[in-house]
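Each of the next two complexes has chain A plus one other chain: chain B in the first, chain C in the second.
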Partner chain A sequence: MALYLIRRVINYLILTAVATSLAYLLASVGLNPAQPEQQRHPRPPQIVIDHLLDRWGANPHVPLIERVWVWFSNILFHGDFGISVQNQPVVTLLTTRAGVSLQLLLIGSIIGAILGVVLGVWGAVRQYKPSDQIVTYASFVIYATPVIVMAILLMVLATGFNQAVGTQIITFSGQYSADAPAAFWPQLGDRLVHLLLPTTVLILTSAASYSRYQRNAMLDVLGADYIRTARAKGRTRNSALIRHGVRVALIPMSTFFAYSFGTLVTGSTLLEIIFSWHGMGEQAIQSIQQNDINGVAGATFFVAILILCSSTLSEVLYAALDPRVRR
Partner chain B sequence: MTFEAVEILEEENRETAPAEEPEAARVHRKGLSRGGLVWRRLRAKPRFWIGGIAIVLLVLWAVLGPLFTPWTISFEDVNYFNYPPTSLHWFGTDLLGHDIYADTMAGLQKSLIIGFVAGPLSTILSAIVGSIAGYIGGKLDSALSWFINLMLVLPSFFILVLLFPFTHGSWVIMMLFLAITDWMIMAQVIRSQTRSLKEREFVKAARYMGFNAWTVVTRHIIPNVASLLIIDAALGVGGMILAETTLSFLGFGVQAPDVSIGTLLSNAEAAAVTRPWLFFYPAVILVVLLFAINLVGDALRDAVDPTSGVNRS
Partner chain C sequence: MRENAGVASVSRVRGRPLLEVRDLSVTFPQRKGGDVRAVRNISYTIAEGELLGIVGESGSGKSVSSLAVMGLLPTNAKIEGEILFDGKSLLTMNDRQLSDIRGKDIAIVFQDPLSALTPVYTIGDQISEALRLHDTALTRRAAEVRAVELLKVVGIPDSERRVKAFPHEFSGGMRQRAMIAMAIANNPRLIIADEPTTALDVTIQAQILEVLEEAKQITGAAVSLITHDLGVVAGHADRVMVMYAGKMVEMGTAEEVFYEPTMPYTVGLLRSVPNVRTASTERLVPLEGRPPSLSDLPVGCPFAVRCPAAIAECLEVEPELLAHGQAQDHLSACHRAGAIANGELARTDIFPRPEAHIDSAVSHGKGETILEVTDLKKSFPLFTGAVVRRKAGAVHAVDGVSFSIAQGRTLALVGESGCGKTTTILELMELTKPEGGRIVLEGTDVATLNKNSRNALRADIQIVFQDPAAAVDPRLPVGDVIAEPLLAQGVSKHDRDDRVTELLELVGLDPAMADRYPHEFSGGQRQRIGIARGLATNPKLLVLDEPVSALDVSIQAGVINLLQDLREKLGLSMIFVAHDLAVVRQIANDVAVMYLGRIVEYGPISDVFDNPRHPYTQALMSAAPIPDPREERSRHRVLLDGDLPSPSEQIDGCRFRTRCPLYKMLDPVRDAAARAKCEQDDPNLRPHDFVEVACHHVDRNKLLVD
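On to the complex of A and B.
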C-alpha cells in the first residue's frame, strides 16, 4: 500500500513539474513584460529594457525552451522563483500570500466538507421529511448561485445589518482592519470578523455540493444488507448507521474531495478579489494584468502543489476508509 | 460539472450491473427504445418541466427582449446618469447612462450562446478522446490518459486565465478555450465505459465481422454512452455560463464596450449597496438561468438512471 502511494505521489510530482513548466511557457508566450517600459515617454533605451528583461529571465532573444529550463532549474536547485516586475523576489510574495490563501482554503474545505457530509447523512436518514426537503432545496438554490453573486449579496446584507445596528460590527474588507488592535485576543477577534463573510461563502458552496452527493451515497447504503445484519446482531439504529453506513458512504466522497478542491481554489480566488484579500489567487490575477511572468508562474506553482496535496490526501483517505485497497 | 461526471460514472456502473437486467427485459417486451424510456421517465418529472420552461422563456426573452427597448448597449443617455428603474429605463442606468435592460439582454444572449455552444462542444471533445483512448488502447491510450491527467493538474480556471492573452479580446475564441479546458473528466468516464463495452458480445461481434474502428465506435460505442453524453452536455451548459461570467467578472473575458453578465456584475460590485439595480437584475437572471439548467440536468440524470439514491424508496 505504501509503495502504491509513493508511486502515485511520484507520478503526480512529474505531472506537476510538466504542468507548471507548460504554464510558464504559456505565460512567456502570452505576456510581454517589456510593454509598460516600451510605452513610457520618453521611451527608455533598448539596452535598459533588455537589462530588465534579462533580470526577469524574459528576454525574447533567449530561446523559449532555455528560459523555461532556467526558470525550472532555478526552482529545483536554488528554490529561486525569479524576480517580479516590482523587483521583489517571487519567493517572498509566495510566502506572505500562501498563508492568506491557506486560511480561506483550509477553513472553507474542512468546515464545508464536514457540514456537507453531516447534512447529507442527516437528509438521507430523514428522506422526504420536511427537514430533508428544506436542506435539499436550499442546497439546490445555493448550488445555482455563483460565488460572485453570493459574496456581493452577503456584503449588501452585512452593510444593511451594520446600518441597522448603527455601528460597524461586520467588517469585510481585507484580512484585518487598518487600525487593528495590537493585543493578541482583540487582534484575533478582528481577523475572525474579517474571515466571516468570505468563509461563509466558501462553506456554503462546498457544503451544498457535498451534501447533495453525500445524501445520494448514503441513500444507496441505507438499504444494504450489512446494515440489516448490524441491526440484527443488536446494534442500535444510530450505531449501525454511523459505524457501518456512514463509513461506506464516505468512500466515494474521498474522490469528490479531490475533484471539488479545484473548484474551491477558483472560488477562493474570486473571494480574495471581491473582499480585497492579498492572497495567491489575487497574485495570479494581478500578475497577468501586469505582464508579470514570474509572478503568474509562482502562483500557478502554488496552486499545482495544492492540487497535488489534495489528490494525495484523497488517495490516503480512500485507503483509510476502504480496506479493500489496503493490500 | 466535475462532480456530476463522477456521479454519472457511479450510476452508469450500477446501470450495467446484472441486477438491472429484469427491467431491461421488461422494456424490451413493450418494444420501447432506451431513448423512449428515458423520455417517458423525464416527462413525468415536474423538475424537468419547470427547468425546461424557464430555459425556453429565457431564450425567448433574450431573442425578443431587445426588440421592445429603444436603447442599445453602447448608447449613453446623458439625461439619466445613475437612475433607478423607471418606465423609460426599465432596469435603470449606470454611471455613464447605459441602459441596464439593454445591457442585461445582451449579456443574457451571450451567456446562452456560450453555454449552448461550449457545453456540447466540450462533451463532443470528451466523447472523441475518451472513446478513441478506450477503444484503441495500448500506447495511444496511455498517452491520452497521461495528457488528461496533465490537463487536470491545474484547475481549468487557471488555464483559462493563462490563455487570456491568446484570446486577443475576442469572446468567440474564449468560448472555444472554455470548451478545450473542460472535457477531461468526462473523457475519463467515457474511456472507462468504452473499455468495458469493448468486451461485450455485440461489440466483439462487430469487430470480428471486420468493421473498422471508426464504424464500431460510431455505431456501437457512442450510442451506448449517449445518455451520459447528453447529461454532461446539459450540465456543461451551466458550467460554461458560470465560467464565462467568472472570467468576464475578473476582466479576462468579454471586453468593453461589449457587455456580458460577468462585466455587469463587475461594474455593480462596488455599487451594490447604493445602486442595487445595477446588481439585482443581472444577478437574478443569472441565478434563475443556472437553476433552470441544473433542474433539467438533474431530471435527465434521474431519468437515465432511476435506481440512483434519490428515487429509491
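On to the complex of A and C.
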C-alpha cells in the first residue's frame, strides 16, 4: 500500500510539473508582459523594456523552449519561481497568499463535506418525507445558484442584519479589520466574523453537492442485505444504518472528494475577489490582468499542488474505507 | 400410528410450541395497481428442536412470511395476524424490543452470503458484534476469542487467522459458514435459514447442511429451513410446509408430504423433479402455467388454472386448509384432497407422465462422430496486485480435456463451479485453433478454417445460455431474437419469417407470439425462445450452459422434456452443462465429471452415476439431494473437505489429493506406497469397464461407501 501511494504521489508530481509548465507555456504565448511599458507615454527605451523582460525571463528574443527550460530548472534546482511584474519573488507571493486561500478552502471543504454527508444520510433514511424533500429542493437551488449571486445575496442579508441591530456585527470585506484590538480573543473573533460569509457560501455549495451524492450512495445501501443481517443480529434499524450503512456509503465519497475539491477552488477564487481577500485566487486573476507570466505559472502550481494533495488524500481515504482495494 | 419407516423416522409427539404464527397476512400497498398480497392467512407452529421445511416456488411468500417473524419487513408492509414466540407477541413489539430478541433468541441465515455480510468489516468483527450486542459485559478480546471458536465449530480451518479476513477473501461456502457461526453465536432457540445453500455447489451445500444440522444439535434450536429444493427438505425436515401464491397449501410430516401429498400442487411438484438415482427412466411431469399475480388474485383456488383436477367449485370458492386423511395434523387446502387421500383420485392420474414424442431410438444408435476434442487446453494469465498489475503465472482453466460426441447423443459436463465447464464450451464456440489440443467438428479441424468456412460451420454449432432474461435482447421482438443467427448466415427475410414460425411451434410456443417482446414472457417461455434461437440454423450440435438452473422446478420439467423431444425429433447432439446432477441424468447419455480443468471420470451416464468410481464422483453423487425422505435419511454420505482449491495453486501428483476422502483414508504406514502414488503421480484417465477414471486406487473406492 505504501509503495503504491508513493508511486501515485510521484505520478501526481509529474502531472503537477506538466500542468505548471503548460501554464507557463500558454502564458508565455498568450501574455505580453511588455505591454504596459510599451503603452506608457513616453514609451521607455527598448533597452529598458528588454531589461525588464529579461528579469521576468520573458524576452521574446530568447527561444521559447529555452525560456521554459530556464524557468523550469530554476524551480527545480533553486526553488525559484521567478519574479512577478511587481518585482516580488513569486515564492513570496505564494507563501503569503496560500495561507489566506487555505483558510477558506479547508474550512469550506471540511465543514461542507461533513454537513453534506450528514444531510445526505439523513435525507436517504427519510426518503420522500417532507424533510428529505426540503433538503433536496434546497440543495438544488443552492447548486443552481452562481457563487456570485449567493455571495451578494448574503452580503445584502448581512447588511440588513447589521442595520436591524444597529451596529456593524458582520463585516465582510477583507480578512480582518485594521482597527481590531490587538489582544488574542478580539483578533480571533474579528477573523471569524470576516470568515463567516465567504465560508458560508463555500460550505453551502459543497454541502449541496455532497449531500446529493451521499444521499444516492446511501439509498444504494439502504436495502442492502448486510443491513438486514445487522438488524437480524440485534441492531435496531437506525443503529444498523449508521454502523453498517453509512460506513459503506462513505466509500464512493472518497473519490467524490477529489473531484469536488476542484470545483471548490474555482468557487473560492471568485469569493476572494468578491470579498476582497488577498489570496491565491485574487493573485491568479491579477497576474493575468497584469500579463504576469511567472505569476500565472505560480498560481497554477499552487492549484496543482492542492489537487495533488486532495487526490492523494482521496486515495488514502478510499483505501482506508474499503478493505477490498487494500493489498 | 403409521408405519415406522426410514432410519430416523420422526415421532408424532411434538415438543412445546416455540413459535406460533396465527393468521399471518402481509400486504405491500402499491402506488398504482392492486396491493401485493404476499402472504395470506397462514398459521403454523414450530415446536422446540423441530426442523420445519418450507418449500414453494419463487414469489410464493416463503421469505416474506419468515421476515415477518424477525420484524425485518420493509416499513411499508402491512402485517396482520399474530406471531407468538415463546408466548410473547412479536408483532406488538417495537424495533427496540424486537432487537433484543433478534440474534439472541431468533437468528437467521440468508441466502446470498456475499451480500449478507458487510464488506468493510472483518468476519471476526461481525461475529463479535453479534455477541457483544447481546452481552454488553463481554470484552472485545473475549468476543474475538469466542468468534474464533465459533468459526472452528462451523468448520473453517485456521480460524485464528481467518477471523481477521474480510468477506471478499472468503469463498461462498466459507461465507455461509460464517453466517451460520453468527447465527448460532448466542445459542438461539430458533434459526431461520432462508435458502442457505441455493447459491452454492452441491458439495458445499452438503457441507453447509451438515453444519446446520450440527448447529441445531449443539444449540438444541428449532430450525425453519426455507428452500425451493425438495431434495434438501427431504433429508432434513421433520415437517414440511408447502406454499403457493402466498398461501400455505399443504403441511405435514416429511413422509406425509412426500409420500401421500393431498394437494395437487404438491403432487405435481414432486413429479416434476428428477431424482438422481432414477432420472431418465421416466419422463418428468411439467407443471404448465405460472402462479397468479399477487396483486390480482383470482377468486377460488389460486392453483386452479394450472390444476388438472380442478372442478367447478375450485373457481368459485377458495379451499380451506383442513385435515383430510387419518393424521390430524396433515393439512391441505384443496377441494379434492379428501378424494386424493382416500385413493378415489389417483395421484398418477392428476399428473400423468407425458409420452415421449418418438421412441428414443435415435439416441441409442451410435451415429457418426460430430465432435472430437483432444487434449484441449486453455489458460488465463493471472495478475497480482489490485492496482499495479503484474503477471504472476497462469490459471489452467482447462488442462488437457478430451471427449467426443456422436450424432444424437448428449454429453453432460458436471463439476463444481470453477472447474472449467464454461471455459471448455466457450473454447468450442470460438471455432478457432485452441491454445492447446485439437477440436474436430464434423471431420474438420477448426484450426484449418478460414473466415468464410468458419462462418459456414458456425451454423452447425449453437449455444443456449443460462439466464433467459439476460441472453435475450429486451428491445427486439422475439421473432427477431430467434432469427438473429440466420441473419449472420445471410438468409432472406421471407425465409427467416417462415423459419421463426416453424421454430416457435417446435418449442411449443404460439407462432403468433413472434411480434411480442421478451418481457411479456415467463422465464420458462423465454428459455424456450433461447432454445428456438439456438435451433434456428438447424445446428448439428447444441451447446447448453445451465439451461434450466434459473428456472423454478415446476418450469424446469417442461424445458427438460422439450430438450429430450427435440433431441429425438431432430437427431440433435448436445453438450449440456449443469450443476444439478438429477437434471443432467434426465437428459444426458454420457457424462464427463470435471475437476480443476481435467476430466476425472468419463463414460455412459448410468454407469458413472450408478457406480461412481472416482472419489470425487462418489462425493458429488452422495451430495446430490434426493427428493425422498427415507432414501435421503438412510444415505451414506461421502463429504468433501473444504473448497475447490484455487486453480493457480500448484498441486503435485493427483490434483484431487487435497480434498480426496480416499487418500485421507489411506494409512500413512501401511499404505505408504499408495499414498506416495497419489502424491507424486498425476493419474491419467484409464478404462475401467465401460468408463474411464483418473484415479490410482479405483480398486479401493469401496472403502468410501462401506
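Methods note: the second predicted complex is superposed on the first by the 327 of 327 C-alpha atoms of A that agree within 3 Å, B and C clash if a C-alpha of one lies under 4 Å from a C-alpha of the other, contacts with A are read in each partner's own complex, and residues count from 1 in each chain.
Convention: a residue touches a chain if its C-beta (ideal position, glycine included) is under 8 Å from a C-beta of that chain, and two chains touch if they have at least 3 such contacts.
Remember, it's a predicted structure, so these values are computed and weren't measured experimentally.
Student: Go through the superposed model and pick first if A:C309 touches only chain B, second if only chain C, both, or neither.
Tutor: neither
Student: Once chain A of both complexes is superposed, is A:R247 in touch with chain B (first), chain C (second), both, or neither?
Tutor: Second partner only, chain C.
Student: Report for A:Y259: first if it touches chain B alone, second if chain C alone, otherwise both or neither.
Tutor: first
Student: In the superposed arrangement, which partner chain does A:I110 touch: chain B (first), chain C (second), both, or neither?
Tutor: neither
Student: Which of the two partners, first being chain B and second being chain C, lies in contact with A:I169: first, second, both, or neither?
Tutor: So A:I169 meets neither chain B nor chain C here.
Student: Quick one: classify A:L270 as touching chain B (first), chain C (second), both or neither.
Tutor: first
Student: Report for A:R235: first if it touches chain B alone, second if chain C alone, otherwise both or neither.
Tutor: Only chain C; A:R235 stays clear of chain B.
Student: Please work out whether A:I10 is in contact with chain B alone, chain C alone, both, or neither, and reply first, second, both or neither.
Tutor: A:I10 sits against neither chain B nor chain C.
Student: If we overlay the two complexes on their shared chain A, which of chain B and chain C does A:I65 touch? Say first, second, both or neither.
Tutor: So A:I65 meets neither chain B nor chain C here.
Student: Tell me which touches more residues of chain A here: chain C or chain B.
Tutor: B
Student: Just which bits of chain A does chain B share with chain C as contact spots?
Tutor: Common interface on chain A, chain B vs chain C: nothing in common.
Student: If you look only at chain B, which of its residues touch chain A in the complex?
Tutor: 2-3, 6-7, 10, 146, 149-150, 153-159, 161-166, 185, 238, 242, 245-246, 249-252, 262, 265, 268-269, 272-273, 276, 279, 283, 286-287, 290-291, 294-295, 308-310, 312
Student: Which residues of chain C touch chain A in the complex?
Tutor: Residue list for chain C touching chain A: 70, 72, 95-96, 99-104, 107-108, 110, 112, 115-122, 129-130, 133-134, 166, 168, 179, 182, 385-388.
Student: Give the list of chain A residues in touch with chain C in this complex.
Tutor: 4, 7, 224-226, 228-237, 244, 247-248, 251, 321-327
Student: Can you check the complex and tell me which residues of chain A touch chain B?
Tutor: So the residues of chain A in touch with chain B come to 15-16, 18-20, 22-23, 26-27, 29-31, 124, 140-141, 143-149, 152-153, 155-156, 159-160, 209, 213, 215-220, 223, 252, 255-256, 259-260, 262-263, 265-266, 269-270, 273-274, 284-285, 288-289, 296, 300, 303-304, 307-308.
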